[in-house]
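Same chain, two partners: chain A is paired with chain B first, then with chain C.
Take a look at the complex of A and B:
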């Protein structure tokens, strides 16, 4: 893990954090990334968007990617500048095709308790890109 | 009255039983790793509540899709029991979230607690609620 203080406003190189497959354990990493975002002066709406998208990506990595297997890990890499926040979330799963995920906003899926994560990431961010395998997502939010 | 909370929980539910129904105030953030406990606490609160059940969101600062899923599950559970659930005063960020997910079409969203409770009152001869 790179030893950068994310609370400081520095345009550092990519910072990497590896966390266990545990949603509550991921909160410390999330808070660290959000401190870096706030230090770079992102508006409240942008910070909300980054927080929401990061939680959705981590949740997908933990539950669907790693199947809640505590022996596996989630790798976060992030680079926050005054212009944009770029965050990669990777799991150890087999990957998936994000193009096959159905629209959760139409009946009967509207009344399902899950399935909204990817749609929300796409709605709130400027870019959402998956690697070819589908086990790493890149989240991009511009500071506008 | 506060519903049972999880230690260190970033959210809080306060249950206010009124003659016209039950108002559940949701405060704080439903964040990573707390969706299950949020579901449990919310279910415990609504299971003993008298309808209509009003979820007041004015002090809800954040909720992720798992938390939204808990709201959907609660709504459906109450619907199956014939209980009305209404959502009141979502802050702008939460209101946008409900709109983007189209959950504002599933939930009955009202501007105020009084409005949400008033909707069930019988209409008198003069037409007054």
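Take a look at the complex of A and C:
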């Protein structure tokens, strides 16, 4: 097992990894997903986008979703094909409304140290979708 | 000569502290906290610090790293110092442009230009 505290199961397509709310475990899981992306021959720009977005999504799940509570888990599901990478990141938090996150580029917020993760994911990916509760994000990057 | 601590290489060139990152990826909180603490210590130890951060080795940067840089910039300015960034790869510079932080930071193409700007 590459990821610490990870449980992995495979169905026909989607791979699921459950990790504890721990940044070291998160890093190992990220590397596992990125190895799958690289194995499918994604371009460097696409790999850059996926790495950045995955880091942002997992950080949000660990810090904001699970509140760094180590008794909670982050569930990663991914399906990587030659055409696209689809990755779900779910936490055990109460969720949030992504529509209410303010624009971090406007002058009063430009100098604040946080609040740019969702913006970067949206800039680099083809799709960023949240579930209704707001505690799971789906990241999609096409290999083109 | 350079003083290597953790994964930062710090070289004093005249009044300027030239810092090169050893990490190719400045993404996760563990790495960012370690770098932030070391840079904050430099600010605390030297008022009016002239600090040049050289990104030539950096291939990945997260929003948390940007947050660390914003906090550092404030601390340096409050202590009467100056912070400049240089040698940012085009892929990373795009992250600064998307977030419009290229307007907040002084960024130079080369080490030479950055050094001359102090």
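Operating definition for what follows: the second predicted complex is superposed on the first by the 132 of 144 C-alpha atoms of A that agree within 3 Å, B and C clash if a C-alpha of one lies under 4 Å from a C-alpha of the other, contacts with A are read in each partner's own complex, and residues count from 1 in each chain.
Quick note on the criterion: a residue touches a chain if its C-beta (ideal position, glycine included) is under 8 Å from a C-beta of that chain, and two chains touch if they have at least 3 such contacts.
It should be emphasised that the depicted structure is a prediction, and the values quoted were computed from it without experimental measurement.
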| query | After lining up the shared chain so the two structures overlap, which partner does A:27 touch, if you call chain B first and chain C second: first, second, both or neither? | reply | both
| task | Considering only touches as defined above, state whether A:120 meets chain B (first), chain C (second), both or neither. | result | both
| request: Figure out whether A:104 sits in contact with chain B (first) or chain C (second), or with both, or with neither. | output: both
| message | Show me the chain A residues, by the header's touch rule, that chain B contacts in one structure and chain C contacts in the other. | response | 23-24, 26-27, 45, 48, 51-52, 55-56, 59, 104-105, 110-114, 116-117, 119-120, 123
| request: Would you mind writing out the residues of chain A in touch with chain C in their complex? | output: 23-24, 26-27, 45, 48, 51-52, 55-56, 59, 63, 104-105, 110-117, 119-120, 123
| field | Residues of chain B that touch chain A when the two form their complex | value | 31-34, 62, 64-66, 68-70, 72-73, 76, 93, 97, 100-103, 105-106
| query | For chain A, which residues count as touching chain B in their complex? | reply | 22-27, 30, 45, 48, 51-52, 55-56, 58-59, 104-106, 110-114, 116-117, 119-120, 123
| field | Sites on chain C touched by chain A in the complex | value | 25, 27-30, 59-64, 66-68, 70-71, 74, 91, 95, 98-101, 103-104
